[in-house]
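When the chains are written out, they are named A, B and C in that same order, and each has its own residue count from 1.
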Amino acid sequence: MSEPGMGVSSAARTRPKGLTFLSRYDDPAMSTVIDMSKAVVLLERFPALAGATATVGAGEIVLLRGPNGVGKTTFLRSCAGLLPVASGRLNVLGHDLVAARRAVRRHVALLGHTSQLYDDLTVVDNVQFWSRASGVRDGDLMGALDRMGVSKRLHSVPVERLSAGQKRRVAIAIVIASRPRLWLLDEPHAGLDQSGRGLLDSLLVDAAEAGATVVFASHELDRAEAVATRSLSFSGGLIVSDDE
Amino acid sequence: MQQAERKDSMTGSLATTTLGWASGASLIVVLVTGLITSPKDANQGEAVRLLYVHVPMIWIAYGSFIITAVYSGLFVAKAASRPDLGRHLDRVAGSAAEIGVVFTGLTLVSGALWGRITWGVYWQWDARLTTTVLMFVTYLGYLALRKLPADPYVRSRRAAIVALIATVNLPIVHYSVDWWRTLHQGASITVGNKPEYTNDILIALLFAVVAFTLVALWLGIHRYRVIRLEEIREEEGIEMAIAARRAEAEVGS
Amino acid sequence: MSELLREAGLIARKDLLIEWRSRVAVNQIAPLGMLVLVVFAFALDANQSLLDRASAGLFWVAVLFAGIITVQRAFTLESEHGIRDALRLSGIRPAAMFLGKLAAISIQLFVLEVVLLFGVVAMYDATVEEPLLAVVTAGTGTLAFSAVGCIYGAVSLGLRARETLLPLLLIPVVAPVLLAGTRALERALGVSTQAGWNWVGLLVVVSAIYTAIGLAVFGPLLEDG
C-alpha cells in the first residue's frame, strides 16, 4: 500500500492544445485538487466511506476501482460537495468541504448513473438550460454536442425518446459545455457504444491536458487503465491501494 | 455502578419517579374534587365536570406547541454550528409536539362531549373549534414528517421549518375563521362565554390544571429520554458499522 | 439581485417550457378540475340554486385538487434522473428556485382558474357580477396557494411517501386561503354582500408572508438530503 499523495503531480500538466472549451480554468497555482484525509461519510446511518484518504493533483486522470458497494460513488459525490463529511478532512479545489460545500460546486461536474436531463424537454432545451444554470454564457453548446457525436437530427427530439446511450452522450456534452475544473464521472462508459467510448476516452485525455482533473469509476478495466494515469482501489469504504 | 447502568438503559430518575408519583396522587385529588366535592353548575349541571379535563388539556396543548415553536426556532438558528445542542433542541421540540397532539385530541373529544350536552351538538363552526381542529391536523403532519426515513439532521431541519410555519399559520387561521363567522352569522355560542362559576368549581379547575400539567411534564420528560436512548443506540450502531466496514476492507485487500 | 431574477426566470421558463412540451396541465390537470365541478353537481343532486350559491366554494375546492397535483408534478420533475444533484451543482440560488417555481406554478394555476371560472359560469349558472374582483381574487389566491405549495413541495422533496405527505401538510395551511378566496369570489359572483376586497386584502397579506418565508427557508430545505 503506497502512501497517498505520491501520484502524478502537477508537473504532468501541459498547456491546452487548442481546446477552447476548457480554457476558462487555467490556474497554475492549483496543484492539489482533491485532498481527503480519514474522511467518514454517512449515507443515512451507513458509513459508505469509513476513513478514506487520498490526494489527487491537477491534470491527473484517476481511475477508481473496486467491486460494487465499496464507496466509489460516495467518494465522487463527496468531492462534488453533495454529501456532508462526518469526520476527517476534505479539500477540493482549495475549498474546505467540511466547513462549506456550496462554493466548490460550480467548478465541478458530476456525471452519475442518472441522465440529469428533463425527459419532456428536447436535447437543445436541456443543453441550453443546464449551461445557463451553471452560469456559462459563452459556451459552445453545438460544438459540445458535435464533439459527442449527437447529430443535428436529434437536437429537437425530446430526451425521453433517446436511447440510454444517446442520453449519456448529451449528458457528457453538457459537462463539456460547462467547462468544469474537476470532472467526476461514475461509470461513464456504461450505456455507450464503441464509438461513444472512444469519444469519451479521447475527451478525458484532452480535458486533462487542458488542465482539468478527471476522477472516474469504471468496471471497463482494460479501457479505463489505458486512459488513467493512476488508480485508487477501494475496499470497505477505504482506499486500500494507490498505483501509478 | 448499578446506578450508572440504570441511567443508561431506563428513562426514569429519582426526580421523574417523584414527579410520576406526584402526578398520580394529584390525579386522585382531581377525581375527588372534580367528581365529588365540587357542586354541579347552575347552568351547565353535571356537564361542568368535563371542564376539569377540557380546560387543562387545551392549555397544555398550547403550551406544548409554544415549546415546539421556540425550540424549532432555536434549532434553525443553532443546529448547524452546534450539532449536539441541535439534537437536544430537536428532541424537546418533537416530544413537546407529541404531548401537544395527544392533548389537542383529548381537548376535541372532551369538547365535543361537552358541546353535545350543553349545545345539543358535537360540533360548532366556531372560530376556536375550527382553529383547534386545523391545529390538530397541522401537528399530525409535523409528526408524520418526523417519522419518515431520512438523514436525521435533514429531517430535523425540515421538521423545524414546518413547526415554525405552523406557528405563523395558526393566528392566520384563527383570524380568518373568526372574521368568517362574525360576518356570516350573529354571535354564536362560544366556549369562552362562560357563566360565573362558584369558587368550588374554580378551585377544582385549579387542581385539575396543576395535576394535568404534572402528567404532561412527566410524559414529556420520558418521551425526551426515550428519543435520546434511541439516538444513542443508533450512534453505537454507526460506530460498529464503521468498524465492520473497515474490517471488510482488510479482508478484501 | 438581477442575477437572482435571471436565475428565477431561467427556472420559470424551463418549467413552463416543460408544460408547453408535455401538455400535462392542459391534457390532465385541467380536465381533472372540470371533473371535480361535475362530481359536485352529482353530490348536490344538480340542484341549480344550491350549486349557484356554493359555486365559489366548489371553484376553490377544484383549484385545491388541481393545485396539489400541479405542485406535486412541479417538484417530481426536479427529483427524477438525478436532476436535484445537477441543480445543486449548478449553483442556482435556492431563493431563485423558489421564485421561479412560484412564478411557473402561479401562471399555470391562474390559467386553469380562468378555465374553471368559465366552467362554474356554464355549469352552475353563476354570473360574474364583479369581474375585476373575481380576477384579482383568483390572482392573489393563486399566489398565496402557490407560495405555500412551493414551500411544502420542497419540504417533501426527496422523501419517501411525499405524495401523501404533501396534502397533509399543505391543506391546513392553505385553509385560510380557501376561506378568503371563497368569500371574495362569492361577492364577485353576486352570491353574498360581504366586503370582497377585505378578503382580497387578507390574501395579499398571506401571499406576502409565505413568499417571505419561502425565500428564507428554501436554502435550508434544498441544501441537503
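Methods note: contacts are C-beta pairs under 8 Å (C-beta built on N, C-alpha and C of every residue); 3 or more make two chains touch, one makes a residue touch a chain.
Note that this is a predicted model, so its numbers are computed, not measured.
Participant: Counting C-beta pairs in contact, which comes out ahead: B-C or A-B?
Facilitator: Higher contact count goes to B-C.
Participant: Going by the average position of its CA atoms, which chain sits the greatest distance from chain C?
Facilitator: Between chain C and every other chain, the largest centroid distance is to A.
Participant: Go ahead and note the Å separation of the Cα centroids belonging to chain A and chain C.
Facilitator: 39
Participant: Starting from the mean Cα coordinates of chain A and chain B, work out the distance between those two points in Å.
Facilitator: Centre separation, chain A to chain B: 49 Å.
Participant: Between chain B and chain C, what's the gap in Å when you average each chain's C-alpha atoms?
Facilitator: Computed value for the inter-centroid distance: 32 Å.
Participant: What positions in chain A touch 2 or more of the other chains?
Facilitator: 84
Participant: Multi-chain contacts in chain C: which residues touch at least two other chains?
Facilitator: Expected reply: 224.
Participant: Spell out, as numbers or ranges, the residues of chain B touching 2 or more other chains.
Facilitator: 149-151, 153
Participant: Which stretch or stretches of chain A touch chain C in the complex?
Facilitator: Touching chain C from chain A are residues 77, 80-82, 84, 102, 105-106, 108-110, 112-122, 125, 129-130, 132-135, 158.
Participant: Over in the complex, which chain B residues touch chain A? Could you list them?
Facilitator: For chain B paired with chain A, touching residues are 149-151, 153, 234, 237-238, 241-242, 245-253.
Participant: Applying the document's contact rule, which stretches of chain A touch chain B when the two form their complex?
Facilitator: 1, 40, 42, 44-47, 50-51, 70, 84, 233, 235-238, 240-241
Participant: Sort out for me which residues of chain B touch chain C in the complex.
Facilitator: 76, 134-135, 137-138, 140-142, 144-145, 148-151, 153-155, 157-158, 161-162, 165-166, 168-169, 172-173, 175-177, 179-180, 183
Participant: Show me the residue ranges of chain C that touch chain A in the complex, using the header's touch definition.
Facilitator: Interface residues on the chain C side: 7, 10, 14, 17-18, 21-22, 77, 80-83, 85-92, 223-224.
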